[in-house]
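In the part that follows, the structures are each spelled out as structure tokens.
Next come two complexes, and both contain chain A; in the first it sits with chain B, in the second with chain C.
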Partner chain A sequence: MTEPEQAPKVPRRIGVVVCQCGGNISDYVDTEKVRAEIAKDPDVVSSRVEMFACSDAAQQASVQEIREKKLDGLVVCSCSPKLHLATFRAMSARAGLNPYEYTQVNIREQCSWAHTHDREGATGKALRLVRAGVAHTEGTEPLQRIRVETIPQVLVIGAGVAGLRLALALSDMGLSVHLVEKSDHAGGNVARWGTLFPSDRSGEEVTGQLIEEVRGRQNIQLYLRSELVEKSGRVGAFSVRIRTGTGDTIPLTVGAIVVATGFEPYQPAQGEFGYGLEGVVTLPELKEMLAKEPRSLTYHGKEVRTIVYVYCVGSRLPEGEGVQRTYCSRYCCSATSHVSTTLNSVHPELHQFHLFRDIRTYGRYESLYEGARRAGSVFLRYGEEDPPEVSRDDQGLLVRLKDRLMAGEPVEIRPDLVVLVTGMAPRPNEELNRVLKLPIGTDGFYREIHVKLRPVETVVDGVFIVGTAQGPKNVAESVASSLAAGSKTGALLLRGHVELDPQVARVDPTLCTWCGECQAACPYGAIDRVLYGDKEVAQVSPVLCKGEGGCVSACPKQAVSVLGYTHSQITAMIDALAREEA
Partner chain B sequence: MKVDTRLLDRVSSGPEFDAKLCLNCGTCTALCPLGLEILPRKIFHHVLLGDKERLLAEENAIFSCLLCRMCEVNCPGGVHIAENVRALRVYLNEEIHGLAEV
Partner chain C sequence: MSASKRGEPRILVFSSNPISDMGIDLAGSSHLEYSPSVQVIAVPCSSGVDPGWIVHALQTGFDGVFVSVDGNDCAYLSDCLTRTGRVVAEAQNRLRKLGLNPARVKSGGICSVCAEVFVNQMGQFGRALAQLTVPVEG
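Right, the complex of A and B next:
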């Protein structure tokens, strides 16, 4: 193999730590051999093996070594950077070493865990990876995080219960809120629903109180019949345009955007469990009926004596084409238990049959299920493979089911009203999705970064998702998530500035001849055409760039590179990986 | 089987009949010292759906019950099983055998 051309090497002072991970690595990789081999590299001035490189004691030793040996680069060979990149960068910073002069080499997931049958092979691979890590570090340069100012204003999209509550929380923190609602009234789904579980307060009362409070705040502006139509900029300073009902567009600059667009009730197809037949309604339709007429229970003028509820309509379906409705909608079992108890308290003679698959009145809502049974509801279980059939003949509605408790024996019920307990479906939000480009899950709801640890953040910095826009939730859960987003937004904006990752693209204007390929490849609009002397070249805005590198591979002149992953670094790493021992 | 709510209305007219609380767990069946498999959850289920025919077919079981309450004290649904069996006996005596209340 011929040696590739290289820029004259500047000698470096690199330290290497090889971690045993308490046997996770050293059981299958000869860590001492890896250390001894890499120590031969002239740029490596110190090398150690540690039982746990991430332990307090080992970190202390590394800090000391960086200081005493005046290291200008560090390589830790341990686990995945996902686990400890941030740990060792912070450790480097404590020792006075620029954190971007630190390189993590993953010899656990990629060597010891992957090759448990082959100690020699795993050791050889670890050595190649470490050499590549050192080669990468030889090309590092100190980088400073990019500090940018933030605007203390927030755009909240959707004025349902989650958006309203969030607006108040942000207002409490002294942030200005632009609350944008597509329809002509605030309050969302909840406002139409009559009494809510478990408090028995009406949805109108709950949202009405929030709306009144929102209207009284100086720093909340509510825009009805309005939509977000344009977004550019970056975390801390997004430029957005709102189109109002009159057709005007209002330009705003906001530090963060929160999507609280909610859900739409699942709409059964014609004929799905008899939907479309007279006397077959959905749960939200029943709730609206009762909200309008709380005392009497009639349908088309006829008194209702028997109700059949069919659970899990539009939820927990088998996997299929398109949007997946395999999820449980969470709120429906509790809501139905609650509504039937409420009905029985007003109409004790009413018969109610609940045809369910599994009852999921989790947590404290278990008492709603017991309450419904105590009040007189009868629960009958059906199997997923034998769904109930709803039809209508000359005697009226007829529901047939195979009763699981009676070994699948057919049971016929003649109700006056069939209520399809429909779940939550994602809103299509086509215009909004075009503007925001947020990731959407297979279920059609917006997707968070981490379901447990970062539940309201998205992959777009400064854009948060809350409430049922993210997936089925009841009112309490929606409000909890909106308050979570409130605190995340506050943490982001109240400091007055944010720090961005400096590993962004950079154009070498001496090589660039402006062809526009990089600009076309950039999904963030981070590349502008500027004059360099008398020629046109590309220029990257470091605050818009995410360092994703699409421009790098698009450039025919190799004039763009991402800092921390330059062409010379990548080439040096490949050479190190491929180098055969003498 | 056609659901007929009249039986339910008749049997459950008193406050003591609370079989709707039954969770269908089967603890009662497992604990019954007489091994009355049909009692109580299945019989209650027949009543809840208004299946008079099945109820009558299990009359022996209803009258064999010792009312020992082994099931009742262990019922996770808190069903007053013995009271419910009594309610069924009253119903059978009055409605089927024509025995008037003394």
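Right, the complex of A and C next:
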């Protein structure tokens, strides 16, 4: 094994603050002992115990100390960095200390609070953690956030309801939009649906109005039968190529990319709940039938008097091989209740049976379910282990089920139409995935950074995901997420420049002998082969690198490391944590 | 190899900032107790742990190294689970060559709210390490 790079050992001027957190730490850790021990480190030139290191007064004292003692590194031992890393980095910057020379040591969540009955053990651990923090700081170097210019143009992929609404929102902000749609018409899934809850306007009307508005905007360009085929560059300035229906490719430079490619309805296999038999259709097929012929309800020329809906087809399945369909598709219970009440208002004599597992008409959609029940729909519950059977004999369709709420009582229904309430499935988008390399979840939908806190951002800076491309949503939720991405995109591009995290990977060209392992390990295309003197070495593009370290573990020479997590820093931290005295 | 002063096996945990470190924080916030001989170094992603760090920790005095796996929760890499598995396997290979017991390296999925899972893992791993005979220094 090659020896790790050794940073030249120069004396540092490091300050240490040990926080008591008003007793949250000092009740379980001897903070004064920790301070006194770490003060013995030759690189530690100042040390204090504070009751609340994050208080204004304590921050002012720290700022003063950084300036007066000319500190070139700071360690605060307090709570989790998730809480106050940003606070203390900002404080360091105010004092003139580079924020990346600051290290936070977690002696609360990962020490005092976890060892509340072991003061000696907790104090010993706190000291080792602080030593590791000082060891880490000895290896820091000043880093500058990477500032790059941004182009005020956005590529939106997918002209369904989410993409259309987003294009208008971006246009309102003064950003130019290139709206790219794969099919030959805008409007997506919603355009094919009949009436929508609660306005009872049709999907075609709603999307039609959006399309008309989009066509009227100077700063929105709609490209039909077009696809994204190439992407390079970085946040703020992506170079992309669009292939149009005529086969031409159009080069564009855009600051951000939003993926609004939507879902595709789950397509049942032949024989799945009788799919393929005459009279068995999916929910989207029924909605299209009704959109075309709203007043009459016939199937193959025959009047429909009885409908059976089978819920949860393609949703909430047990875990299996490949793409997981364990999720609830969210919209189908509400959509089916809505179809059912709409049908009832036109054909009050119609018999409707809903075979469900659980009803999830959440929020205001509950009124749809109530409405369907009041209108005489019969809801029968089936168990996952006992799904209904759909068959056809000489008398027509036959649905058999064991009614769970009647202790498994067998029920037989002879409907004219069976509607499979199919959920949402992810689109395959193979070409797009090849180009964008976005993370995809086990359910096959695009994956956000954080489902609650960063719901429309991806790990690729400047690439956002919205609507049902990200997972099942109804129209309102899709539009809400597209407008969220609109404001994130606006915040990114309207300022004219963007700053990136400098804690990215860096190659030590003296150690690198170019084997290509790091390049193969990097999904972001951040690693190039360059000449260093007369040998070939790897080089990391700081604007493309995500700093996750996939290349670090792949490198057989320890020649690449992530700034802030270098081999010498981690090794020094391990040595400090292993020390066993005091 | 040396156990802590009080005889508890010393475990170094590699956690990840966005995922498992939050779960480990939650264990503390919930006052779930585990041995103070368990210490954590947080890195950006579990697949970025260098096998050399694991070997170094075991040669420096730790009895065991636990790699918290981000797995399918990882926002960076869809194959994070496979990659982290490769890191652990490579570290174990190097340990075998050094005459050290590969069972001193363990990995397991720790999600951002997996407080109890973490504490249970530490308990199990600690007991398993206590039963390992101290091998010849490599």
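The working rule: the second predicted complex is superposed on the first by the 434 of 582 C-alpha atoms of A that agree within 3 Å, B and C clash if a C-alpha of one lies under 4 Å from a C-alpha of the other, contacts with A are read in each partner's own complex, and residues count from 1 in each chain.
Simple rule for what comes next: a residue touches a chain if its C-beta (ideal position, glycine included) is under 8 Å from a C-beta of that chain, and two chains touch if they have at least 3 such contacts.
This structure is a prediction, so every number in the text was calculated from the model and none was measured.
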So, does A:Q539 touch the first partner chain B, the second partner chain C, both, or neither? neither
Using the superposition on chain A described above, determine whether A:V378 touches chain B (first), chain C (second), both, or neither. first
State whether A:R447 touches chain B only (first), chain C only (second), both chains, or neither. second
Does chain B (first) or chain C (second) touch A:N24, or do both, or does neither? neither
Which touches a greater number of chain A residues, chain B or chain C? C
Contacts of A:M406 with chain B and chain C, given as first, second, both or neither: first
Tell me which partner A:E548 touches in the superposition: chain B (first), chain C (second), both or neither. second
Return first, second, both or neither, reflecting whether A:Y565 touches chain B, chain C, both chains, or no partner chain. second
Please indicate which partner A:G121 is in contact with in the superposed arrangement: first for chain B, second for chain C, both, or neither. second
Applying the touch criterion given at the start, work out whether A:K82 contacts chain B, chain C, both or neither, answering first, second, both or neither. second
Footprint of chain A on chain C - complex, ascending: 2, 4-6, 10, 12, 17-18, 21-22, 24-29, 31-37, 39-45, 47-53, 55-57, 60-62, 72, 74-78, 83, 86-87, 90, 94
List of chain A residues in touch with chain B within their complex: 306, 349, 351, 353, 370, 373-374, 376-378, 380-381, 403, 405-406, 409-414
In the complex of these two chains, what residues of chain B are touching chain A? 1-3, 5, 8-9, 18, 20-22, 24, 41-42, 45, 48-49, 77
Where on chain A is chain C touching in the complex? 1, 4, 80-82, 106, 108-118, 121-122, 124-125, 128-129, 132, 439-442, 447-450, 458-459, 503, 521, 523, 546-550, 552-553, 558, 561-562, 565, 567, 570-571, 573-575, 577-578, 580
